[in-house]
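Each chain carries a letter (A, B, C and D) given by its place in the written order, and its residues are counted from 1.
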Amino acid sequence: MGDIRFAIELKVRDYELDAQGVVNNAVYLHYLEHCRHEFLLSRGIDFNRYAREGIDLVVVRCELDYKAPLRGGDAFRVTLALERLSPLRFVFLQEIRRQGDDRLVLAARTIGTALNAKGRPFLPPEMERLLS
Amino acid sequence: MGDIRFAIELKVRDYELDAQGVVNNAVYLHYLEHCRHEFLLSRGIDFNRYAREGIDLVVVRCELDYKAPLRGGDAFRVTLALERLSPLRFVFLQEIRRQGDDRLVLAARTIGTALNAKGRPFLPPEMERLLS
Amino acid sequence: MGDIRFAIELKVRDYELDAQGVVNNAVYLHYLEHCRHEFLLSRGIDFNRYAREGIDLVVVRCELDYKAPLRGGDAFRVTLALERLSPLRFVFLQEIRRQGDDRLVLAARTIGTALNAKGRPFLPPEMERLLS
Amino acid sequence: MGDIRFAIELKVRDYELDAQGVVNNAVYLHYLEHCRHEFLLSRGIDFNRYAREGIDLVVVRCELDYKAPLRGGDAFRVTLALERLSPLRFVFLQEIRRQGDDRLVLAARTIGTALNAKGRPFLPPEMERLLS
């Protein structure tokens, strides 16, 4: 599959902050997911079309290391590398870094698979091609 | 249809607060929606089953009067009254009141209809019965 | 104050969709708020700095007309016009339009004011200048 | 510190579902956080009061194993066990189980610490007592 890398640039939105004045922990999962889905779309793989066809891309495990908080007004970059783990599993290695000083905000490792309409793990052909 | 009233009791969750230390404005729409869906479920109308069948209950207009903020730890009550507006439209009159002092937090008026699988307004039989 | 207009361009993120496959009603309030805060920032007014100083910009009323749904993959434009309503109140007139066909998705009217550290309505000097 | 256990019972709200018709991955972090904060409150430790005093309870690492999805209408139980990891770190072991069949939905391990107003790790006295 060669070396697959991808990145998006986003900016914190104020509603994503919590009472500590920093981005709430759960919101980083949104950032990570959005980066993965944009990457997949760039390869012709549409999470929502899959969902309508009964194919569910699913996360089976996620590890998150929170290194520094994002605050209101921060711009940041979400990066992604994709590797195959096993016949039916793949892993996204992702980082979030603040723009400006490039400070590491979060490092994440997300293991995924896909389920067919019967809920059985399988890889749709587009994912198989992407990972070959 | 007689007098239809319903209420649920909830508690603020800390992730719903924003940097001002109060519940973010958008979150009240979640509270109002959750109350409407629980009410409909109590009458045998399941928003998600409808969605799977291609029937979409939709909001066409919402008016919100923000009277006082909810803060971390606050418990509150969401109430609902339902009235028919026209052959294909209905309105939910809702209030959110803080437990303890019964202070009015939010008053809302939400006009809805339903769309069939072709996106045309119509009322499914269960809604028709509820509103008769 | 002359004619104040502002716009931002965003793209739907998949986590903003609900089980109907459309952007959840509450999420539009996030889009509208983000546009207002970006506008204010462009005029030197920082919602979060205000919050830390005990000044709260608050919404007192919001009227939303939902015209068409946004779906996964949609790009859209949020616009804003600002007018003074009274000595202590102002109104944001906002629209969300889908990119491509410019279809009107949502029209909103949001009335706001500011509260000082004692919770009393007032306009901070920067807001007063903006509205003069 | 003995054996610390705690649990809350919640119900899925429809706005928490995504286009796959299941609870979005990030929402589980909300459920886990809410359980931790309710537990802390039950021991006299208020996340928001801490935030106002400049003390931030923070997550430094989170591991999530997604075992089965929650769907619309599901009721579930979030449990928690707390252990000390080191002088300044503690770990919450949490599970989410569906009501009815007790099926394991998610297992999570969340490592936390606290930061003082200067951003330095420390344990506030109430946390120290809780963990002793």
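FYI, a contact is a pair of C-beta atoms (placed from the backbone, for glycine too) under 8 Å apart; a residue touches a chain by one contact, two chains touch by 3 or more.
Just so it is clear, the model here is predicted, and its values are computed rather than measured.
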Legend entry - Relative to chain B, chain with the most remote C-alpha centre: A
Legend entry - Result of counting contacting C-beta pairs for C-D and A-D, higher pair: A-D
Inset, instruction - Return the distance between the CA-based centres of chain B and chain D, expressed in whole Å. - result: 28
Legend entry - Rounded Å distance between chain A and chain D, as computed from the means of their C-alpha atoms: 22
Legend entry - Mean-CA-position distance for chain D and chain C (Å): 32
Inset, instruction - Name the residues of chain B that each touch 2 or more other chains. - result: 14-15, 17, 19, 21, 26, 30, 33, 47-48, 51, 72
Legend entry - chain C-facing residues of chain A, complex: 13-15, 17, 21, 30, 33-34, 37, 41, 46-48, 51-52, 71-73
Legend entry - chain B-facing residues of chain A, complex: 14-15, 17-19, 21, 24, 26, 72
Inset, instruction - Using the touch definition up top, name the residues of chain C that touch chain B in the complex. - result: 19-22, 25-27, 29-30, 33, 47-48, 51, 56, 58-66, 69
